[in-house]
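Structures follow.
Both of the next two complexes hold chain A, though its partner changes from chain B to chain C.
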Partner chain A sequence: MVFLTAQLFVRSRGPDEFWRKRQIFKLAAHYIGRKRNCYSIAIKNVHRALLKTTRGRQLKKQDMRELWETRLNGATHEHNISLRILLEGLNRCNILLNRKSLANLAIWEPRTFKCLSDIACAKAKLGGIKRVANNSMPETVMIKGLVDELD
Partner chain B sequence: MAALGSFNRLFNFATNTCVKRILPTSTNKQYYLGLKLQQIEVAGYATRKQPIRYKLPWFKPEPSYQEEIPEEYEEKKEKAAADIINKINKQIATNQVGRLFAVIYLCGTQFKITENDVIAIEGHWPPQPGDQLNLEKVLLVGSKDFTLIGRPILNRELVSVNATVIQKTLSHTITRFRMRPRKQFKRINCKHDMIINIIIKKIVQLFLTRIPRTMLRINSIIINGEVDKKKEVEGLDRIY
Partner chain C sequence: MSLLRKGQQWGTFACVWHIFDATWQDPFKSAHLIKKYLMGLHKPIYHPLNQCGDHVIVINSKEIALRGDHWQKRVYFHHTGYHGGATWTLAWELHSKDPTMIIKKAIYSAMDGTLQRRFTMQRLHIFPDDNVPKEMLENVSNQIKQLRPVPNRLYEIPQEERDKIPRLIQYPSDYQLK
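Up next is the complex of A and B:
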């Protein structure tokens, strides 16, 4: 392209129309009907899709966290404690498993998860948390090893 | 007593100022020892008479988490625990533990793994294909009959998780696109958005961003030695 005047320089923007459209059509290749063939309709849908993928990357993380919490809530209520107690108890014991691995353990290793919830319950009871006041002290836990002493 | 003390202080102050005005300081020191015994002023660091209050009076005092062993605690439990640990040690010694699973901490994420698993690690990670690794941050190891839980990680000599890097690839193309309809605003993979990507060294092109992915094969999970036993010397394998 030769820009003889400033006016022409302003008019010419971006790559050639064909290539600009092809970029969009490439992304719309798997759409159905006029969405894939007509440019004005294709570009609308491509923009919508790109916006959703951008937002979806954050949403996926939030959704997964929510899912793990729901699963853990169900799993902990089987053992008469709540999710809060589980996380608080394990944190106080310095057992730093995250929600993902705890949820995995609850599904695939239920006996391991039972032990973890027992430990959390015992620790919470030792710490004097009110929510577990009515729970009995789990018999399987060695309480002597759990006690922390303040400096 | 308090009233007497305050009076004393007042008297002291009054006499001190009067005497100081009349007499030079040296005579003051000599003749009025009794005054000095009560209040000795030493030039030095400024000290507070009252300690600083960090807590506000209308707040309740923080509950203490000092934990105590409940009274009905039975000594029998310790014997039962010792028996269980013996059984676990016997299983480990005779190699009857079966297939172990573990929860490991790697690259900021936790993975639940067993032998022969392949895990994908996202982001920039230096190890190259063919590297043999010993994963040391093991949070938990379990078998069919027992589980060892780390606080927060297990002793690295007790458990060894061996792995091999098998592949380094890139993920699908990721586009970061922002647009406001009817406002003539459209940005795709602009520099400001991609700062995070550059930090973890993704490939950044005009339209293409892809996250590096590393495939890791877990070769073996082994428990070495006996559980609940403290060695005399540890960490001899690692002298630099």
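Up next is the complex of A and C:
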């Protein structure tokens, strides 16, 4: 668009008022009462809702991560280690599973999860982590390949 | 669903009964331990909205031990809602009125104030001594480990064994013991 004068610039602002408002009303369609019928009230609530969805996208991820950690805490304490030891041990073994899949394994594949926690425990013990010093060495783990290379 | 899977389903969602002996235990520290079992935090299927908590029976709540001078200094506040209706009760007073109250309040306040809290508390059964109804005791399948071992008192050790304890020093014959 070409604006020759300032007057024309003011007149040609944005799309038609009806359509502009209709955009907002569409977003407010499921609200109750004047929130959906009166534009000035609707736009306030739509703005608030949009802000909340932005925040909610982050919150959802944080909440899920928190839930997985709580679940893993419960699952690991069954095998006498903590979540920190599990993650540290698996990382050192280069088993790159995230919290989501570990939590799913703990629920649906408890024996697989027990093996994983055994590996993590053995690796942590060989790595000299004090927290697991009193745990007995898991018998199911082949220790030979687990020892850290000197560096 | 096959019979095996059915059994797994039952096993996963089964409600376990635990027992906890509160003899000589700190109620505020053991509250955090018991809370886990009540809310189901020890299970990998935990979700704040699903009911996965277990039952916990606490016995010997009469024998709890408070740290330092907390019996004299810890105060429980209550307000009736009327003017001048505030009361402050010391821990030893509350304990002499109802020996289950201190541990109950400790567990209640250890949990977050959600809508589930009061229902979770219904799964807790506290007894001042070890007289647990038989039908409750039949359900129990796990004992929660105490946070610290119950210490032996010197007067509970029989005299013959007490004499066997090696002495580091011998008091002079004219030394006045209090």
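Here, the second predicted complex is superposed on the first by the 139 of 151 C-alpha atoms of A that agree within 3 Å, B and C clash if a C-alpha of one lies under 4 Å from a C-alpha of the other, contacts with A are read in each partner's own complex, and residues count from 1 in each chain.
Everything that follows uses one rule, which is that a residue touches a chain if its C-beta (ideal position, glycine included) is under 8 Å from a C-beta of that chain, and two chains touch if they have at least 3 such contacts.
Nothing here was measured: the structure is a model prediction, and the numbers come from that model.
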For A:V132, using the defined touch cut-off, is the partner it touches chain B, chain C, both, or neither? Pick first, second, both or neither. neither
In the superposed arrangement, which partner chain does A:I81 touch: chain B (first), chain C (second), both, or neither? neither
Looking at the overlay, does A:A120 come into contact with chain B only (first), chain C only (second), both, or neither? neither
Determine, under the contact definition given at the top, whether A:K144 touches first (chain B), second (chain C), both, or neither. first
Partner, of chain C and chain B, that touches more residues belonging to chain A: B
Looking at A:N94 after the superposition, I want to know if it touches chain B, chain C, both of them or none. Which is it: first, second, both, neither? first
First, second, both or neither for A:A28, with chain B first and chain C second: neither
Quick one: is A:A42 in contact with chain B, with chain C, with both, or with neither? Answer first, second, both or neither. neither
In their shared complex, chain A is touched by residues of chain C numbered 36, 40-48
Per the touch rule above, chain B residues touching chain A in the complex are 63-70, 73, 77-78, 81, 101, 103, 109-112, 139-140, 142, 147, 149-152, 174-179, 186, 188, 207
Which residues, counting only chain A, touch chain B once they are in their complex? 23, 47, 50-51, 53-54, 57, 92-98, 100-101, 104-105, 108-109, 111-112, 115-116, 119, 126-128, 137, 142-144, 146-150
Inside the complex, what are the residues of chain A that reach chain C? 67, 70-75, 77-78, 103, 106-107, 110, 113
